[in-house]
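The following pair of complexes shares a single chain, chain A, combined with chain B in the former and chain C in the latter.
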Partner chain A sequence: MSRRAEALLALLGVAALIFTAWAAPWLRFVLTVALAKGLGVLGLLLLLRAGQVSFGHAMFLALGAYTVAFAAPSVPETLVLLPAAALLAGVAGLLIGLFVVRYRDIFFGMLNLALSMVFYSVLEKFYAVTKGTDGIRVPPLTIAGLEPVRETQEWVMFGLALGLALLCALGVRAYLASPMGQALAGIKTRETRLEFLGVPARRVLLFAYVLSATMGGAAGALIAMTSRHVTPQLAYWTSSGELIFIGILGGAGSALGPFLGAAAFELVRVYAAAAVADAWQMILGGVLLAVILFAPGGLIGILSGRAQQRPAGRA
Partner chain B sequence: MGEWFAENGLLLGLAGLDGLAYAALVFMVAVGLNLVFGVLRIVNVAHGSLFAIGAYTAASIGLFFTAQGLPPAAGYAALLLGAALVGGVLGPLIERVVLRRVYGYEDVLQLLVTFALFMILEDMQKLVWGVQPVFQDSPMKALGTVEVPFGDDTIPFTAYQLFVLPGVAVATLIGLAWFLRRTLTGRVIVAVTTDKEAATAMGIDAVRVTLLTFTFGAALAALGGALASPTTSLVPGIGASTIVLSFAVVATAGLGQIEGAALTSLLIGMGRSAAVYFAPELEVVVPYLIMVAVLLVRPQGLFGVVEARRV
Partner chain C sequence: MTVPLLSARGLRLAFGGVKAADGIDLDVMPGEFLAIIGPNGAGKTTFINMTTGYLRPQAGAIEYEGQAILGLAPRAIVRRGIGRSFQLPQLFTEHTVLENAALAIAARAGIWSPLVPLLRPGYRRDAMALLARFGLEGVAEARADALNEGARKLADIAMAVALEPRLLLMDEPTSGVAASEKMGVVETLVRVLREAGVTAVFVEHDMEVVARFADRVAVWSQGRILTLGPPAAVLADPAVRREVIGIEAAAAHG
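Entry: the complex of A and B
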């Protein structure tokens, strides 16, 4: 997609989001969560660029969410909790990354899956600390010391998510265009050759991993602050699958894809669940199947009229 | 140590027996997953759904048989019938209608296709069997319990879990090893696993082999589910928890190793069941801890072969 088309699409998207949030107040919550999830998926996209599918990325979102839930009673300030959650997830990403970037393909995916399942069961089993599957309620938070009324609070969270989404999308664009970002695609095509060129492939991947974990943490924090309730389900492997789902649904070729995908995903989910309560998963699965079979470029691919192109290709 | 053993010895014995029965079930699922990955190079997330649907189908057929007044032994026919039905119908259906279209695609898309199938099958299962637990244990009751001698004591344990489950798993292991190494069809499957292009160039019909392997793998998963059905109440979510566990087994064992998958199933089954009795809060974690520990030392898995790096 050309630069201008992408900028135009971003502007249109922002306008559409703000208009919908204003015209349909009941969707404000859904859209905020969608933007937050899109942020998490954006991080996942960096790893996909290197051809690595993390099947446990939801653990970083869960980590960010639980950081907010645990710290909120003592520090009920949005502008402190959000960076703190992102930072903590980033540190966790560094520690886990040091271990997992040594592995590729199925082993990379499965190790991430294993670690996220470990985190999941810690959250689920240690009831005394985490309240198990009941989850933890997040108390109302202040924003820059103020205690806004509910509607203002909703708007602030929406604006925060939107601003962060735009900022990160721009950052990711610049990063992917940089030599570090280009090297990621090299890991996918032929890592050995990259090393022959003197590029430390593992460190390149580690950097991307830490970035993606940080974005995941911020996404999780936003979700916790918006939904005001966190459960271990956030870290379960199906949540990680959902993130990959959103990435492919939106299209992995552009930094806008994750947000488009997340908005579509959440809207389909909300309406499918309302229409057929027992079969919303089936409908989402059907949508996913249709996208992969008939428009492998994702929604972004359809919009830019290149539906035939495969996502995460050597763009 | 001696004191601890006197106190917990029986528990340890029980954990061992439980672990054996559990390992047998895990093996049935993991070996099918491994086989399918070998030929299709797709991590089949929907494999766990086949396990779950196999379990539900077998239980339903069993309940139907009981309602018809057939003897409890007919429950065994129900198990086999359920597995054959699910493997024989869903297996070819999934491979031909969906998977065949995405073989040229990227790994992540192939993985997601099976994730989509998983979501669809998961809801389908809820629509057909509901969310209330389904319970049908006549095959297990038919065999009664055995007093297993353990030191000075005996441990009562169901004969089904003691003989049938490990028996079927061992038979599967031996049968599969024989099939893959000694029969023409088996060797063709191994050939396609090793190098699909070379095998095709030698005149092997890879399309047919793929269909065959997937159906076979699906049947193994369904049989695993059918065998598990008498030992537990069937609830939504068993497919999801089964598949992640067999992922752990396959990754720990390394790819393409049947005997390795068997030993790893045993290791993980025993580890998990020890956790159930001695540290219940670790029950879910243990398989993954084993996997992480193994991959830390042996990045290609316990029995995996290091692949040469291509330039």
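Entry: the complex of A and C
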């Protein structure tokens, strides 16, 4: 997609989101969560560039969310909790990354899945600390020391998610165009050549992994602050699957894809759940099948008119 | 006395019962073009793999510019000035030729700048200049997997040359290249390497290429160096003609 078309699409998207959040206040919550999930998927997209799929990425979202839940009673400040959750997830990403970036393909995917399920079990079983499947309620938070009324609070969370989404999308865009981002894509096609260019491929992937975990942590924090309730479900493998689902739905061709996918996903889910309460997953499944079969470039591919020209996952 | 640029002593490596290196002693002198010939399975690529850190010999030593390099990772060896190209070109197939070249230029400078584009003006200019040296400027915007074999081989070598190596090891730079293009490809790469003062070791099956461009020829057989010397003498050696070139002639025309 050309730079201009992408900028135009981003502007239109931002305008549409703000308008929807204003015109339909009950969707403000849904859109905030969608933006947060989009942020998490944006992290996943980095790993996809290297041809690696993490089946356990939700663990970083859960880590960010639980950071907020645990720290909120003593530090109920949004502007402290959000960066703290992102930082903690980034550090966890570094520690886990040092181990998992040694592996590729199915081994990379499965190791991430295994670690995320270990984390899920810890959250579920250590009831005394985590309150198990009951989850933890997040107390009301201050924003820059103020305690806004509910509607303002909702707008602030929406604004924070939107601002962070834009910032990260721009950052990821620049990163992917940089030598580091291009080397990341090189891991997918010719890792041997990278080594013979004197470039340590594992370090290239580790950098992306830490970035991706950090974004996941921020996404989880936003979800916790918006929904005000965290449960181990956030780390369950289906949550990781949901992130991959959104990634495919939105398309990996642009940093906007994850947000487009997340918005579409959450809206389809809300309306499908309202229309056919017992079978809404079937509708989501149908949407995914249609995208894979007819628009391998995802929604972003359809919008940029290139879905037919580009194979899935290629930018 | 000239000091060898690369010096291998007593290299041994066996894969099961197959001896891929059975006591290899070889000195590569600065500035020379050394051809390695020999039948398939003689251990020619194994020698390149051992020298570039891809395989570790079970015994022996390799020194480059007087320093031991055995046990170093490929990327550490590359950083010391030994480049390599591959029998099957290792290009980033989803990138354009220009991006491939620019990534190699960036690798020389260090790629760790996450916010400045790869195709910044400086890298773009250097990458285009690099491609022009190899006559590839016309295909700069083509995707690397869309090139013909001759151009892919040259692009592969260009990426190694971007790192400004002092020694370049090339594994069959003309294999798979159409007969009509072969001499053009070799002339181009020899010209570039001579201009840059790069010492080259290349595995080659085409005796015409060897006779025209090599300063010395090493004949490999069953993990050993059968003979080593100037092309005219080596290629006229009855034993070499019988044991190696007989097979080579069939392979080159088959």
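Assorted remarks:
Methods note: the second predicted complex is superposed on the first by the 308 of 315 C-alpha atoms of A that agree within 3 Å, B and C clash if a C-alpha of one lies under 4 Å from a C-alpha of the other, contacts with A are read in each partner's own complex, and residues count from 1 in each chain.
Here is the rule we use: contacts are C-beta pairs under 8 Å (C-beta built on N, C-alpha and C of every residue); 3 or more make two chains touch, one makes a residue touch a chain.
Predicted, not measured: the structure shown is a model, and the values here were computed from it.
By the touch criterion defined above, A:152 reaches neither chain B nor chain C. Touch criterion met: A:207 reaches chain C, while chain B stays clear of it.
Once chain A of one complex is fitted onto chain A of the other, the partner contacts of A:177 are limited to chain C, with no touch recorded for chain B.
Shared-chain residue A:237: touches chain B; no touch with chain C. By the touch criterion stated above, A:133 is placed in contact with neither chain B nor chain C.
Touch criterion met: A:185 reaches chain C, while chain B stays clear of it. When the two complexes are overlaid on their common chain A, residue A:193 makes contact with chain B and with chain C alike. In the superposed model, B is the one of chain B and chain C that contacts more residues of chain A.
Shared contact residues on chain A (touching chain B in one structure, chain C in the other): 190, 192-193, 196.
Listing the residues of chain B that touch chain A in their complex gives 37, 43, 45, 98, 101-102, 105-109, 111-113, 115-120, 122-124, 126-127, 240, 244, 247-248, 250-251, 255, 280-285, 288-289, 291-292, 295-296, 299-301, 309-311. Interface residues of chain A, counted against chain C in their complex, comprise 171, 174-175, 177-183, 185-186, 188-190, 192-193, 195-200, 204, 207, 314.
Considering their complex, residues 52, 73-76, 78-79, 83-84, 86, 90-95, 99, 102-104, 106-108, 111-119, 123, 159-160, 163 of chain C touch chain A. Touching chain B in their complex are the following residues of chain A: 48, 51, 53, 55, 99, 102-103, 105-107, 109-111, 113-115, 117-118, 120-122, 124-126, 190-193, 196, 237-238, 241, 244-245, 248, 278-282, 284-286, 288-289, 292-293, 296, 310-312.
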